[in-house]
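First chain A sits with chain B, and in the next complex the same chain sits with chain C.
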Partner chain A sequence: MKVIKIDKKHWAGGIEKSRSAYRLFGPVMVENKNFSEFKELDAGEMPDMTATDTRTSPKSICFPPEEVMMEYSTDETRDDCNLMRVPAKDYSPRAIIGIRPYDAAAYLVVKKNFDTPEYRDPYWCDAYAACTFIGLAVNDPSRLDFSTSTHSGPFDEIGLDVLLVDMGSHYFAKVITDKGDAYLKAAGWEEFAGDDAEQKIEALKVKAEGAIQTTISFDRIKEKSIMELHGADFWDDAAFACINCGTCTYVCPTCWCFDIQDETRGKSGVRIKAWDSCMYPLFTIHTTGHNPRETKIQRVRQRFMHKLKYFMDKYEDGIMCVGCGRCIRSCPVNIDIRRVCQTMNG
Partner chain B sequence: MQNPYLPYPVRIDDIEIATEDKSLKTFKFVFLNKEDEEKFSYRAGQFGELSIPGKGEIPIGIASSPVEKGFVMFTVNKAGLVTTHLHNMKVGDVMGIRGPLGNWYPWERLEGKNILIVGGGFAFTTLRSSIVYMLDPANRSKFGTIDVVYGARNPGMLLYKNELIEWEKRDDINMHITVDGTNDPDWKYNIGFVPPVTEAKAPKGDENTYAIVCGPPIMIKFTQPVLEKLGYTHDKIIMSLENRMKCGFGMCGRCGIGKELVCKDGPVFTLDQLNRTPREY
Partner chain C sequence: MLAYINKIKEISDRLLKEQKVDLIIGFRKGTIPMMNEPCFVKTSSDVKNLVWDSNCGINLANYLTNRKEKIGVIAKGCDSRNIVTHIIENKISREQLVIIGVPCKGMIDRRKVAAAADCEVTEVLEQADVIVVKGPGIEKTIKKADVLQDNCAICIHRNPVINDEMVAGPVEEQKGVDRYEDVRKVEAMSPEEKWNYFEELLSPCIRCYACRNACPLCYCPTCFVDESKPQWVGKTLDTIDTRTFHFLRAYHCAGRCTDCGSCTRACPMGIDVRAFTKKLEKDALELFGWEAGMSVDERPTLDTFKPDDPDKFIK
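And then the complex of A and B:
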């Protein structure tokens, strides 16, 4: 596999050069806050490659918290009154700089939902097709990172086009796909890294994987039936502290549930897709008032069962979690998916 | 592949009050673009999303039948924001329909079988679609006996009354219309709840007989033991579910019952399937 060396002296120049062919996205420190977020980089703005983790995941690049799907007019004097039309969208090439391997892996999890043989969400799929993922390996995993147990890992390449490894004075850029190669060329980075580059990367990878402190297992969850797990007696305890704030679903890179809403001002309006959460009673309430997941316990159970059991049974391809640890870090009442998984697997 | 969120534009062609309390109206829609009607080719049991710009969308079972051409028909209960707005719309108004969505009654499996249909209240829409489909001259010979138990609170709350009376007169379908009660002295059909009428009138369950059940939860609760008593096994009892929905094609996530989504894997399930699924509907 080809490895390119990028001297950090050439980093800013390359990023700048690539702007002519790509819209750039990357982690940026939020002003006056002690966290970073993924966003589209403004002119001259550089991705913060020292950010250990973004507060929310970069899923928003293809799945914005709110996205206009259609526009309409309710003006009866117009020929197109009440007819929906799709506004023009910018699906020119995007480079996602500094995405972490588990977040790239999450894109492939979410893809299973939005890109199916029968239906295709054009908003997500077209945005995704426009992306080149320039990942950054995690040299020092956080104590909440358990990505090695979820078919990902701090140096995992799945879902990435390039894997950057921070070597101090320079990056090694492991070229994974042609798309990745094209980006590196557009940035003008073409220096051969040397024959021992892969070995050096491997050494850092072993070190990083060894630094991960917790693992989860779901082998026995697989063997248990949905009804057995759904009817288990531990959900009361698992949900006891939950305040149904929904933070876990918002920070999660694999949560894809959304709402569709119409917003009208005067006689023109838009139909939007907006993030929703299974933690909220409104998510499932019927017009009659009947709510199939009326209680907190039912909703907490739904979240964990979806991630750790329903997804696994439906796609037979692991769990709907990449081990980033964001939900654990952000939960105001310290609910820990690792502990719930352990209980379910018990 | 086309944008599945984008509705086909339709015009309201006809509106009929469907029940005497005016809580239900039947809407006939025609597609503004003829080719959209082809794209909306559906099977009995499927649903569509009725889409009103500025109000939202609502999933409703298709009441017209695949053998009826030139329009699609939906009978809608006035209940929430979208349906209340729809009830106030008039013939000629333009809106949208998305679909057809979901699966359908398993017509391939049902061929050559006797069919028992049990319906209650306004959950008779896709059942009407099914009956019209089966009674079509091109299809009737594909099925054995057809029995229909259909009940409503009183005669004025029965949907599609003219058609029910027509079907009563035919000898290739056994109708068992019933009402909970009536003070009409000329009422010549059954009086009683759906479960006991089913017990008294429905054919016995066997290898060759399927029951399709659609109705309010209370009806389903008391009909199930009756069907079991009559010999219907759970793989021969077919039901259609409802859940809150938005997208209607399996992406927005809210209508999940276990690993199944009511909108895409359903709404039609056998009782056997539902027994292995959390009852979150």
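And then the complex of A and C:
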């Protein structure tokens, strides 16, 4: 596998050069806050490659909190009256700089839902196809990172086109796909990293994986029946603290649920896809007023059963969690997916 | 404050054994530094799981709403005032409760500690008035007073206003606290400055409703933002909808807010949600001499009328 060396002196210049062919996205410190978020980089703006983690995940690059799917007019004097039209979309190439391996792995989890043999969400799929993922390996995993237990790991390459490894004065850029190769060329980074680069990366990978202090197991969840887990007596205790806000689902890189809303003003309107959360009563309420998940416990159970059981049974490809630890860090009342998983696996 | 836990356990154990309550609502040790998790304890053997330290900032009155059991609840000053409000607003009856009062010296703001540590905090040890913060290769001693939640730093009701049991004698209340310096700053702004201030305040909001759901006052069976027949408020991050949610929620808390800080504490995006409710809390005090949740025997200022009301329009 090809490894390129990028001297940090050439970093800003390369990023700048790549702008002519790519829209750039990356982590940026939020003004007046001590955390960063992924966003489209403005002209001259650089990705913050020292950001340990973003508060919400980069899923928003292809799955924004809100997105106009269609526009319409109810003006009868217009030819297109009452017809839904897809507005112009920009699916020109995007490079996602500094995405962490677990977040790239999450894209493949989300893809299982948005891109199936039967159904294809064109908004997500077209945006995803436009992306080149320039990942950044996690040299120092946080205490909440349990990505080695899931689909991923601090140096995992799944879902990435390039894996950057911070070597201090330079980056090693491991080229994983042709897409990744094309981005590096567009940035003008072509210096051969030397024969021992892969070995050096491997050493850091072993060190980073060894630094991960927290793991989860779900082997027994797989063996248990849905009804056994669904009817288990621990949900009262597991769900007690939950306040049913949407924080866990909104910071999660793999939560994919959305609502569809029509917003009308005068005779024109838009149909919007907007993030939704299984933690909300409104998520499941029927027009009759009946709500199949009326209580907090039912909703909390749904979230964990979906992530740790239904998903695993349906796709037979692990759990719907990449171990980033965001939900643990952000939950206002310390509901910890590791603790719940352990209980379910018990 | 650390010594309280033995007394909390002793009282909880007795109440459960004597079947005075069906459950105790308190905190168990959290899985990450500076976070404890609200929990219930139903048996004497589980009492050992209860903890108490300066990471118990979540308002437990929020966990009482519409419950049917006999409950022993651990209550700081602010929790006790929200329990009073719950009783007045018929969300729980006084007879159902055994209130285990905890005199409080303030709760730690985990974000201030994280900022002071400037690295990932792996462990926090509490010793009387200081905390020792540990991270990769660092150990820092910080005065607790420097990292209190903002609302705790200006709290003037640290002792529970209502209780059945106390875990310790009262702590000294803070005197001469200027509670409204921040509100006065906003009041002094021009309309344009105010607009910009609130716009900037709300810009990180992701509409997760953590502020609302952590608030013991927000117990409406269906919140106005969740009404769907008809729908009042849009679901996106459109600034008009986000503003509508926050402004309306704040006004629903007028004359009821105890400034417990739950909203700000809960916000995952670090928004000081208290900035909305605090002005209303100040107005309730200055216009009506009212502090919410101080007594179960007094009707709230906004649901009473007095013939000598100074405003003519209401007569």
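In this text, the second predicted complex is superposed on the first by the 346 of 346 C-alpha atoms of A that agree within 3 Å, B and C clash if a C-alpha of one lies under 4 Å from a C-alpha of the other, contacts with A are read in each partner's own complex, and residues count from 1 in each chain.
Everything below uses one rule, namely that contacts are C-beta pairs under 8 Å (C-beta built on N, C-alpha and C of every residue); 3 or more make two chains touch, one makes a residue touch a chain.
In this text the structure is predicted, and so the values were computed from the model without any measurement.
S.K.: Just chain B (first), just chain C (second), both, or neither: which does A:Ile285 touch?
M.R.: both
S.K.: So, does A:Ala129 touch the first partner chain B, the second partner chain C, both, or neither?
M.R.: Neither partner.
S.K.: On the A-aligned overlay, A:Ala12 touches which partner chain: chain B = first, chain C = second, or both, or neither?
M.R.: A:Ala12: touches no partner chain.
S.K.: Between chain B (first) and chain C (second), which does A:Ala274 come into contact with in this model arrangement: first, second, both, or neither?
M.R.: After superposition on chain A, A:Ala274 lies in contact with chain C alone.
S.K.: Identify the partner contact of A:Cys245: answer first if only chain B is touched, second if only chain C is, both if each is, neither if none is.
M.R.: In the superposed model, A:Cys245 contacts chain C only, not chain B.
S.K.: Where does A:His230 make contact in the superposed view: on chain B (first), on chain C (second), on both, or on neither?
M.R.: So A:His230 only meets chain B here.
S.K.: Check whether A:Pro332 is in contact with chain B, with chain C, with both or with neither, and answer first, second, both or neither.
M.R.: So A:Pro332 only meets chain C here.
S.K.: Does chain B (first) or chain C (second) touch A:Met1, or do both, or does neither?
M.R.: neither
S.K.: Touching A:Val206 in the superposition: chain B (first), chain C (second), both, neither?
M.R.: Once the two structures are laid over each other on A, A:Val206 reaches no partner at all.
S.K.: Taking the two structures together, which residues of chain A meet both chain B and chain C?
M.R.: Touching chain B and chain C on chain A: residues 259, 261, 276, 285, 287.
S.K.: For chain A, which residues count as touching chain C in their complex?
M.R.: Spelled out, the residues of chain A in touch with chain C are 30, 32-35, 52, 55-56, 65-66, 140, 142-144, 237, 240-241, 243-247, 250-251, 259, 261, 263, 272, 274, 276-277, 280-282, 285, 287, 328-330, 332-336, 338-339.
S.K.: Provide the residue numbers of chain B that touch chain A in the complex, in ascending order.
M.R.: Residues 1, 3-7, 9, 51-57, 79-80, 83, 93-96, 242-244, 246-247, 249-259, 264, 276-281.
S.K.: Going by the contact rule at the top, pick out the chain A residues touching chain B in the complex.
M.R.: Residue positions touching the partner: 69-70, 72, 74, 81-84, 86, 113-114, 116, 118-122, 225-227, 230, 256-262, 264, 269, 271, 273, 276, 278, 283-288, 292-293, 298, 302, 305-306, 309-311, 313-314.
S.K.: Sort out for me which residues of chain C touch chain A in the complex.
M.R.: Touching chain A: residues 30-32, 35-40, 58, 62-63, 111, 114-115, 120, 122, 136, 200, 204, 206-210, 212-214, 222, 226, 228-229, 234-238, 265-270 of chain C.
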